[in-house]
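What follows are several structures.
The two complexes that follow have subunit A in common; it is paired with subunit B in the first and with subunit C in the second.
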Partner chain A sequence: MAAGNDTTSVEYIQHHLQNLTFGLHPQNGWSIAHGQEEAREMGFWALHLDTLGWSIAMGVLFLLLFRRVAVRASSGVPHGLQNVVESIVEFVDRTVNESFHGKNTLIAPLALTVFVWIFLMNSLKLIPVDFLPGLFAKMGVDYMKVVPTTDVNATMGMALGVFFLIIFYSIKVKGVGGFARELSFTPFNHWALIPFNLLLEIIGLVVKPLSLGLRLFGNMFAGEVIFILIALLPFWIQWALNVPWAIFHILVVTLQAFVFMVLTIVYLSLAHEKH
Partner chain B sequence: MNINLTLIGQSIAFAIFVWFCMKYVWPPIMQALQERQKRIADGLDAASRATRDLELAQEKANETLAESKAQAHEILEQANKRAAQIVEEARETAREEGDRIVAGARSEIDREVQRAKEELRAQVAVLAVAGAERILESSVDESKHRELVDKLAAEL
Partner chain C sequence: MDYIYLAASLMIGLGALGTGIGFALLGGKMLEATARQPEMGAELQTKTFIMAGLLDAVPMIGVGIAMYLIFVVAG
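After this line comes the complex of A and B, so read on.
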């Protein structure tokens, strides 16, 4: 649906960037929002059904595929899917071993989940922007923002998970006292500078999940907007921009998943280090 | 782009996925990978061991071959020497035998010569007596002149 007569370009773009929101509306109670205004009025108590649906679908797809291989995994000659899965697992395992020097059985599976899940969610972007929303519109669903990683809630949700792990392992490895000491006495080891140190360290700590979540969100959202803008062009010229941009995004999709994974590993590695 | 409950929902989903992956996906795959790694390492090990064994066997075979060659050479040499020795011995025996035969023959000849001389001497005595008889035309008293004639014969 290129920009038709009844919808202006701005409306088209806004429509595409609007999540399917289910929440507590001041007037309508628990309901699906009809448009941006209602979604905004719902405030915090709302769910983006499309984001959650697609991200969980991708997560389940990931686990189904990998679980299938895990069940049949043998030490013999690997075939087909097992080959693909094993090379991904080995790639992740190598990356973890390179950056993470502690002993922790959580890190590697966490990194694998982060990498493959984000990769799959990002990959949804390569489906033409109007395809799935059009399909859902036919089924009576007005709003459908497919790529979960273009929703800041999804990326920040994962970043928050990583953030809690950072806090958890910092306290587990160093103890509450050790963690507090690290926050208070680095980088300047002097009691008079404790407030300054605290300020620095806490900012540094909070910036970690923010940089994780917002980097992924920013990259994906910007890419998505460009795709939507390209979709506004006349249909016979769209391919000229769409194809290069999509090919470029094969790189971006993988790279962003990889960056998120590596940063997760590095942050958790830092949390395990004693100063 | 509102921050809302989706944030929490996504965090929960994330946690569940990580937990599942850690529990049911990662360990079996890693185990299979490690087992395969071990098998490949074992296979490589066995291959290198076999190569080393082969090398050893080859070396041993070469050694044995060289040894037997040396042995054969030695035996051949010994045989040659022995043959030469036998020939030498035979030659020696033959020479001795020849010498012995020659010596025998020579003593036989000497004996013959001696006998002939004896015979001749006896005949000469008879001839001399007959000659003297003829010259003297008279009979010589054999018993009277016997001593004389024998002396004569001994001087021949």
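After this line comes the complex of A and C, so read on.
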């Protein structure tokens, strides 16, 4: 919808950046927020239904797709979908073998899930900006931010999941004492420098999930805003900008999913190193 | 309130400056290495894209936060 004058363009951007929030509103209790102020008033107890919905939908799509191919896998000449799934699984397996040096059966499936799930969630961005929100607006759902990875909660949630795995495996492989010793003696192996070491190591540990989550969020959010800005232009010129930006984003979508997976593997393999 | 737009444009501009130089160096080195060993071309390219993805993090976080400032905070 081409934007009229300037005010509606800001509202248009605001509308497309607003999540469908369901939460505990001080006045009208558990309800769906009708505006940004209402969503803000809900404070902590608020869920982004659209982010949750789309991420779960993509997760289920991934599971069904891969299960259907796995069940029907024939050792004969593989046809279409099986080729795709086989190439992805082999690709992830090769990457895991290259960069993961510990011995853990959880890592490869985790890497495959992270890669394909994030790829599917990111690829929702290639659907034109107004298509799904418009569809849902007809069904009375007024706010719909389709791409889950443009919501910082989703990306930080995944990053925190990886962070807990790092802590869990560090303690499991190195033992609490080993992990604590590694944190306090790593750069300088001298008892007097423990506080300095600890400071360095703790920061290094906390930056991992932070950069992991914010990298995905930053790329996807910035890309989404550009798509929305392009949608503000008169419709007959939109394709001139939308097509190159979407083509560029095919690379960005895959690359960010791949980088998230590679870093997850590398962080977990660091956690498995036993000195 | 206008300082938000100044802050956001600074964040995006300086981030882009750093990334531009970084990618230029990265790309240059990749071309040199590929010229020296053409058979390693494909592998070098994938490694360059991994580094590009990693390098992209900091400016993209800046752009993400700057856009958040512009549209949500000062929207």
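The rule we apply is simple: the second predicted complex is superposed on the first by the 269 of 275 C-alpha atoms of A that agree within 3 Å, B and C clash if a C-alpha of one lies under 4 Å from a C-alpha of the other, contacts with A are read in each partner's own complex, and residues count from 1 in each chain.
Rule of thumb we're sticking to: a contact is a pair of C-beta atoms (placed from the backbone, for glycine too) under 8 Å apart; a residue touches a chain by one contact, two chains touch by 3 or more.
Since this is a predicted model, take the numbers as computed values, not measurements.
Engineer: After the subunit A overlay, clash or fit between subunit B and subunit C?
Structural biologist: fit
Engineer: One more residue to check, A:166. First (subunit B), second (subunit C), both or neither?
Structural biologist: Neither partner.
Engineer: Report for A:144: first if it touches subunit B alone, second if subunit C alone, otherwise both or neither.
Structural biologist: Touch status of A:144: no partner.
Engineer: Which partner chains sit in contact with A:258 here, subunit B, subunit C, both or neither? Use first/second/both/neither.
Structural biologist: A:258 sits against subunit C, while subunit B stays out of touch.
Engineer: Which of the two partners, first being subunit B and second being subunit C, lies in contact with A:214: first, second, both, or neither?
Structural biologist: Once the two structures are laid over each other on A, A:214 reaches subunit C alone.
Engineer: Using the touch criterion from the header, give the chain among subunit B and subunit C with more contacted residues in subunit A.
Structural biologist: B
Engineer: Tell me which partner A:124 touches in the superposition: subunit B (first), subunit C (second), both or neither.
Structural biologist: neither
Engineer: Now for A:222: first (subunit B), second (subunit C), both, or neither, which partner does it touch?
Structural biologist: The answer is second: A:222 touches subunit C but not subunit B.
Engineer: If we overlay the two complexes on their shared chain A, which of subunit B and subunit C does A:14 touch? Say first, second, both or neither.
Structural biologist: A:14: touches subunit C, not subunit B.
Engineer: When the two complexes are placed on top of each other via chain A, what is the minimal CA separation of subunit B and subunit C in Å?
Structural biologist: Checking C-alpha atoms only, subunit B sits 8 Å from subunit C at its nearest point.
Engineer: Per the definitions at the top, what is the overlap between the subunit A residues touching subunit B and those touching subunit C?
Structural biologist: In the superposed arrangement, which is not itself an observed complex, subunit A uses residues 17 for both subunit B and subunit C.
Engineer: If you look only at subunit B, which of its residues touch subunit A in the complex?
Structural biologist: Touching subunit A: residues 1-11, 13-15, 17-18, 20-22, 24-33, 35-36, 38-39 of subunit B.
Engineer: Once bound in the complex, which stretches of subunit C touch subunit A?
Structural biologist: 49-50, 52-54, 56-57, 60-65, 67-68, 71-72, 75
Engineer: Would you mind writing out the residues of subunit A in touch with subunit C in their complex?
Structural biologist: Those residues of subunit A that touch subunit C are 10, 13-14, 17, 211, 214-215, 217-219, 221-222, 225, 255-256, 258-259, 262-263.
Engineer: Spell out the residues on subunit A that touch subunit B in their complex, using ranges where they run on.
Structural biologist: Going by the criterion above, the answer is residues 17, 19, 21, 23, 39-40, 42-48, 51-52, 55-56, 59, 62-63, 66-67, 69-71, 73-76, 78, 85-86, 89-90, 93, 105-106, 108-110, 112-113, 117, 148, 151-154, 156-158, 160-161.
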